[in-house]
Every structure is written in structure tokens, then in C-alpha cells.
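All remarks here apply to the structure that follows.
We call the chains A, B and C, going by the order they appear; numbering starts again at 1 in every chain.
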């Protein structure tokens, strides 16, 4: 090691003391060590695979799967599908539970985050207890609680709980009516598109008018009316004309299960409940921090302009808080997506359960399967953080 | 920058530690050698066992293991060390079992594993013996009123993922043109508990497993096992492909127990039988010929097995037969002389 | 001002008693009015919350305490059809299985060793976390070196039984290492003494560690397959923190390094680990690790998830430490350099002590995350608290309707106490640090 004394002595012109040379040396050393470790691992792996006669390569993706999966968003059958299809099924199942989870957890998280700052003492305290409890208990325990303790004791299909409107609840999940479309059904999405376009045009007109005259228009109500009302109106009109575009197929009691209709697996429900309530606790904290980050002067200024508290929150505080909220919020979304892999503990067929579970066991090709699975999560997370960086650059405060 | 160019001694020190540790680790991982030698050197056998299946491999509260598969490991240990207790059991889930064997973590996998062609030829395994002929069956609740697997159209069925069971199930329902909802779990515990809690109408696994698991139901008498057997499940110990000597030892440990049953040699009378004139018994017990030495054991290897563990019938009855809670009939596992499939290869 | 007053005027000679505040502005009633019923919307909210509490709290209390079954020896106590009660939690089950939840299947006669491990852990954690504790540097040595060795010996039984060949190998390694250091010092023309002290120190530390592991203390060997319950949960968490803090610091330094390859390697590692779920890392450690090792070298089944969680936690720790390093004003670096300190000296003596201090809350938060994540080892078949509960749940002796719920309530309570405690601690430190910064 170099000591202080040696540095006070007159500098020697040795290349060993050139920081650049040293830098290169240490990096070469690092590369050599890492390379050596990789090389050892690779040669061992090759030797082990050969000795154990384990096949390698990605050809197995085209082999017939031979097993069934409980929830498939695409056509999947044991005989007609291959491991590649199983991968797609798992991936889609992961994505759908994550997407729906993100939707609900955002709503719940914002509500609780705002509630924590409520001036109503009861509301604030209850929100705090919620956050502290859910945050400090592992998600796995919560998932098992939902799946086994809450959804487990539901009645058998023969004694299903009838919730009306075609909804049934039993130990096999939630059953509901499935819409069956006729040839005329195209009119409804068409009405929806018209509604969307109409509301967009109205919104622009309303904004222009407000800038010109200062008068506000009921944008929200009109949009709601156009987007929801128009398709419903179309449906009613069609139904009156005798060409009902959508009929519903109700679940019926079969020998074992309810047949027909749509079924939502209890594993899905448990996972969704667990992910939503758990992540909401974290999002609530993010939202709270974001709102607290907006200086009080902003609220006071808004008040002195005559804005109502609701308007202040909506027009002044939230837009500024969003700047602080969005980056950590995205990382919570990513966490939710990654946490959905805990599905494996309760038997929901997500990517990890199907691919790293069944496919890995049936083929024995650990390396390929692990690489593919990790690659998927890595891609999701890298793409998200790339988008986040772009967003951050756009919203960054331009300082003088 | 000056200071960062001076990366170091700390890093350097760390690297040397890393190097040293790698070196020492590699040093302890002795060079490749035959399994028998390494077992003898260690002084015990590592046996991959079930995480807990009554009758086949189940630890009690004190960590003592019992079961048919466990007794095979004890037999191998007895043959090598003359002491059936020199076994360390490593409980393995279905999805970990073959990796554990391939990587050398266990010397033998005795964990009701089905022998299949792909496992034998593609996973680098050998199945030297079949110690239990089984087949896949279904269990349902009595109150469903189902009496045949053919009536299960539309049912929800719980199964364990990563097993042949999962594949057979798909085949069976496809072949019979029936619909079903599969609910797959990672471990046998989760699978059975889900069935017990009413998540599924039927539970499927090897028939022996059905009887074993039924004991764990909250009300065992509420469940029945359906008569259909939908697959062939030859269950047996597995060893790594390529070490033939070790495979031989496992194969003949099982065959010694079968031969002992055929010849009427039991745990109780084995000492007496040592004086028998029957040449077959003499060869079995090592008083004639040098059969043990040929596989790297002593000549009284089979004597040791029978003395410490017993013959196949004794082991069967004690663990899964009438002497146990499972009460499984010998059926296919009877000796060939009694209409079964168990056939002790001649020691000659 | 003059005190003499000669102008006649009205002066009150005595102070008037303060009037009581108006009833509606202070006191509990006003508080309730202000905080709960200040407007129609607020009133509605309060009522809704009251209703929610009314719906959820009494049944919970009833289940957990009032209707709970506190004693019993088997399922009969918690099954209505066998004369028990099944409307409340079955705490009898937890009492009966507490030994299993704490130690797993650890040999009963040897469980005192686990108790000592718990005590040693408590001492280490207390020493490090109590900011006023004496000699916290010694505490660090204890926690990161002595304690792991002692725990290893206590829990496994020690007596690794290295061969003579191994010790000869180690001797050669030691001599070579010292020679290498001396050689490097010679080329760099620096004084030999510090080089020899460092090399000798490294050899001595490793040597003592190995020797302690080798000595036969007469403890019975307890294979890791028997370990379980709280023991394993705390073990995974402890190994995670003991390993992830130093490794995380190195990674953070690497990420801030000016050397492109070092930086890239650190960034790749950190981003890779943070991009994938822990469960995939654990499954990888379980299935792929054996393939990367030579033929008959195996890694203990418990060690694999330990390695997995430790690596996983290091990446998160690295980001926390990086935050601390970035928060250091540039003047600190420049000051250190102007004193002529080299990089390791600057980092160890000046930067890290300050940087780590400000990120203590972040470190504790990462540790809370790590502690919760340890539950995932249950999925790869390690008997931690969750897995022991899962395993007991299927025990036919305790087959009763409320067993699952009771088990999860116990697990939730266990994790909550630890995590909530740690988060309170972290908040406290944060407040203290903030107070130190205030002027």
C-alpha cells in the first residue's frame, strides 16, 4: 500500500505510478477474473450437461406440451400446443394479472394516500393503520391468507352463493354471465368510437372557448355521456328494433362445476387481491410524500385565488405532486409485476409457475428456461425504466 | 482522476481473498470418482427421499425416516457398511429431485419416481430396479356419488406439476373425450390440501400415494379411491447414468430382498439359514461364490441386508401392507410365483 | 419610564381570572367537531369509517381473543363436531407447535445451541443499532466476523474436519499471498511493512476462521435439512445483511468509479438483479447452480437460497449506499485528497463513515424488505416460518377449520413485530439525523 510518506518524497517518473496505467491494469484484472469465473462455469456446465445427457438449445419450445393449464387466454390444449405456447400462456397470465392489479392498486393507493393527509382524524388514522399493517407483513403470507383462509372456505359449487345478475361465487371461483355477440354487435364498438371522437372534439372546443371567453363548460359530464351513453343508446335502440346484439349466457349447475358463462379462478382473485392491497400501501406512501412535497404556499395561493379545496387539489396540488410521484409510482408498478411471480405459491398459472415450474420439470432444460424467464422480467423492467428516463427528462423543471 | 485511478489495495485484497477461497473450494471438491468409493470415504449414504409420503418415505418428529423407499436406502447402507443407519436423507420435492441426483447431491434417489424412457435416456439417469409397480388413480369425495373415473367429465382435478401424473391426466381425458379443469400446484402438500379444502372434485396421483395421502385428510373416511388405473407407474430408485458399478449395487440390493422372499429367508431366520444346504441360499448369503466382491462389496452383502432390513415381503408388509395404516394389497407387487410382477433375478 | 403616576386614572390592581375558553373552541367536544364533523362531507366520511370499523374490528377481536381456544392437545379442541369451538382462533395449535415454528426439526436435545445463536444475534444487532453503544467498531468486527463463525460452529456443530492436505494447501496459499504482496510492494518501491501487515492479516483472519471451523468442540453435527422455523428465517435475514452490506458498498463504489469496465460490471449486476423477481433468482440458485459447479461438488440446499437472497439484497443495498455517496459534498472528496489520502484511505476514513451514517434509514428499510423477502425461500422448499406453518397446517392431528387462519395470524404477527420495530427504529434515526442537520 502506498503510504503518506512515500508521496511526500519527490515524484518518480515510473509508469507504475501513472493513474491511467493503473486503471487499465485493474480493469484488465477484473475482466480476467470475471472472464475466468464465467469460463469455469461454462465449461463445468457443458461437461455436466454432456455427462448427464441433458439436451440443450431452444428446440424444446417446439415440442408438444402434453399438459393442461387452468387459465389460458389463447387457444391451448395438451395435444395441440407446444412448450412455446405454454410460455405465451404464462406470459399473458402474468401480464393480465399485473395490468388489472395496477389499475386497481392505483385507485386504492391514491385514495389511501390522500386519506392519510385528510383533516378528518379518523380517516387519517385508519389509513395509517392500513399502510403500516400491510407494509410490514410479507406478501406471501398475505397471498396465502387470501387464498386459503378467505377464499378456501367458500361453498362447493352445488351450494354456490348466488349474487344475482348471473354472478355465482363458490370454491371454484367467481362465475358470471358471458356475453354472446350477434352479427349486429359491431354497431356498439362503432358507437364507442364515435363517442370518443366526439368527446375529443368537444374537449378542444371547450378549451378554446374557455381561453377566449373564460366560461367553463361541463366537459366531464359531456364526455361521460358521449363515451358511455352513445353505446348504451345504440344497444337499447337495436334491442327495441328486435335485433338484440348481445345476449348473455348464464352459468348453469353441472355435475361437478358450473358450466357455461365466464369463470374467474380463485387463484386469480387471491393474487389480484393480495397484489392490489399490498402495493396500495406503498403507493399511498408515495402519494403522500408527493403531496407533501408541494409547498404550502401553492395551496395558500390557490385559496387566495378563490379555488375551492377540491379544485385546489385537482388543479394545483396534484399536477405538481405528479412530478414527484410518477418515478416511484412506476417502480411500484414494476414491483407489482415482479411480485406477481409469487403466484407459484398459490397455483395461479403465471410465467414462473407454468414455465419455470412445469416446463422446466418436464424438459429438464434449466439453463434455457431460467434465461428466458429472467429475460422477460428484465425486458419489462428495462423498457419501463427507459420510458421513465424519457418522461423525467420531459417533466424536469427547467430552471433559470 | 487521480484519486480514482488509485483504485485499490482494498479491491486487491478482496480479489486475493476471492481467489484463495475459490482455490480452497475447488480443492475440497475432490476429483471425480466412483460413487461407491465416495460413499465409503464419506462414511454414509446420501439418499434422496420424499418430503413426506406415508409408507414410502416419512420422517417422524424425531427425524427418523420410515417407508418402503427409505428401507431400500437402508438396505444399500447395510450392504456397504453393515449398518443401516448410515444414511443421510435429503427430502426432495418432485421438481428438484433429478437435479439433485445429477449434481451429485444425493448418491441414490429413492423417492417413488416413475421410470420412463425420456428420464432414462435424456435426463442422464438409470433406473436399476423397480421396487413398486404402481399406476395412477383418482380419489373423490364419497358424497359426489361418483363410482368411476369415466364419470369425471367436467370435474376440477388437483394434480402436482412437473410429474408424469400431470401428463397422464391430460392424456386420459383426451383419450376419453372428456373435459376437465386442471389445478396444478408445486408441491404434493399444497395439492392435497387444496383438494381436501374443496378446491377440486378429484385428486390424482399414483394409487399408492392416494392411499397414503388419504390418511392426512381431515376426514379420511369421506373419500374413496376410484377403481380405474389410468397409467403404468413403475416406481424405483434412480442413480446417475454412467456409474455402472453403483447401479449394480442398487439393482442387486433390491433383487437380494426379492430372492430372500422367494427362498423364505427372513430377518428372523437368516442366521439359521446361513447353515442351509440349498445352493441358492448359499449363494445369496455369501457362503458360496464371491458375488459381493464382484461389485465392490463383501460377500455377505445380502446377509447384511436381510439381517438389518428384511426381505421384500417383510419390508412391504411393514410399510404399506397389512402391518401399516395404508393396508395396500400386494397385487402387482406380489412375487411372480403368486401372480405378481416382482421377479428376483437369479444370483448366479 | 417614570414610575410616579399622578394623573388619576383607572388601573386594575388585580389581574382578572382568565375566562374559560368557549366550549365550542376547545376541549374534546370542539376537537371532535373540528376533526370529525367539520362539514357534511367530513361527517359522512367519519360515519362511513365508523361503520367500517364496526364491521371489521369487533369480529376480529372476537375471533382472535374472545372466542379463541387457548389450550388443547389436538384437533378436538378446535372442532365443533368433536366438542371444541371453531369460531375463534386455535391458539392451542400454535402453542403445541411453537417448538417446531422456532427450531424446525432441529434435534431437540441440541436446541440450546439455537437459543445461544438467538442471544448472540440480539447482542450483535443491539450493539450496532444502538447509536450510543460503546466501541461500535468492535461491534462491527463482532457482527461481521466473530458472530458468523460462532453461529456456524454452534448451529452445524463445527468440526469441518479439513484434511491435512487442505492445511498444507492453505499454508502454501498464505505464503504465496504474503510473497505476492511483498513483491508488489517491492516493484512499487513502497515500504514493505504495511504490505506484510495487510497480507499477514488476511492470512491470519482466514486461518483463524478456518481453524475455528476445524476444531472439534464436541458438539453433535446437526444437518441443515433439520433446521427450520424462526431459526431459518433469522438466519437467512442475517446472512443477507452480513453479506449484502459489504458487497453492496463495493458495488456502489464500483458504480461510482471512473473506470469504465468496473462501472459497467457494477451497473450490469445491479440492474440485472433489480430487474428480476427474487423467486426466479432462488429457482436459479436451486436448479442452475449445481450445473455450474464441477462434477461432484455440491452446495448445501440451505446455502443456495442464502447465496441467492444475499446477492439479491446486495444490489438493493448498493443503490442505497450510492445515494449516500452522491449526497456527500464534493468538498469532502477534495479535502481528503488535499490531505494526500489515497483512494482506500479516503473512502474508509472520510467518505464512507459519513455516507453510511446518512443512509442508515435506507439500509434499515432495505433490511425490512429483505426480512419480508426471506419468506420466499419457502417456495423453494426451505423450512422457514411460513413453510413450517404450511407443513403443520396439513397435520391431520390438527385438522380443524380455523387452523389456516390461526397459522397465518401467527406468521403475520411475527413479521409485523420485527418489521414494524425496525421501521420505527429507522424513523427515530432519521429524526435524530435531521435534528443534527438543523441549525
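Here, contacts are C-beta pairs under 8 Å (C-beta built on N, C-alpha and C of every residue); 3 or more make two chains touch, one makes a residue touch a chain.
Keep in mind that this is a model prediction, so the values were computed, not measured.
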Requested in this report: Figure out the least number of contact steps between subunit B and subunit C, where 1 means they touch directly.
Outcome: 1
Query raised in the report: Going by the average position of its CA atoms, which chain sits the greatest distance from subunit A?
Result: B
Report summary line: Per the C-alpha means, the centres of subunit A and subunit B lie apart by a whole-Å value of 42
Query - Euclidean distance of C-alpha centroids - subunit A vs subunit C, Å - result: 28
Report task. Could you check subunit C for residues that touch two or more other chains and list them? Result -> 198, 258-259, 262, 287, 290-291, 293-295, 342, 344, 379, 390, 393
Query raised in the report: Hey, what residues on subunit A touch two or more of the other chains?
Result: 1-2, 23, 26, 48, 51, 148, 152-153, 344-345, 360, 366
Report summary line: In subunit B, the residues touching two or more other chains are 1-2, 4-9, 11, 99, 102-103, 186, 190, 193
Query raised in the report: Taking the complex as given, what residues does subunit C use to touch subunit A?
Result: 35-36, 38, 42, 45-46, 49-50, 52-53, 185, 187-191, 194-195, 198, 258-262, 265, 271-272, 274-280, 283-284, 287-288, 290-295, 340-342, 344, 368, 372-373, 375-376, 378-379, 386, 390, 393, 401, 404-405, 408, 411-412, 415-416, 419-420, 423
Query - Of subunit C, residues touching subunit B in the complex - result: 105, 107-108, 162, 165-166, 169-170, 173, 177, 180, 198, 202, 206, 223, 225-226, 250, 257-259, 262, 286-287, 290-291, 293-298, 301, 333, 336-337, 342-344, 346-348, 379, 381, 390-391, 393-396, 399-400
Query raised in the report: Hey, which residues of subunit A end up touching subunit B in the complex?
Result: 1-2, 18-20, 22-23, 26, 29, 33, 37, 48, 51-55, 66-70, 77-79, 148, 152-153, 156, 171-172, 254-257, 259, 266-267, 344-345, 347, 349, 353, 357-358, 360-362, 364, 366
Query raised in the report: subunit A touches which residues of subunit B in the complex?
Result: 1-2, 4-9, 11, 15, 18-19, 22, 94-95, 98-99, 102-103, 121-124, 144, 151-156, 161-163, 166-167, 169-171, 174, 180-186, 190, 193-194, 197-199, 201, 240-242
**Report entry** Of subunit B, residues touching subunit C in the complex
**Finding:** 1-11, 13-14, 16-17, 20, 23-30, 32-33, 38, 51, 59, 61-63, 88-91, 93, 96, 99-100, 102-105, 186-187, 189-190, 192-193, 196, 215-220
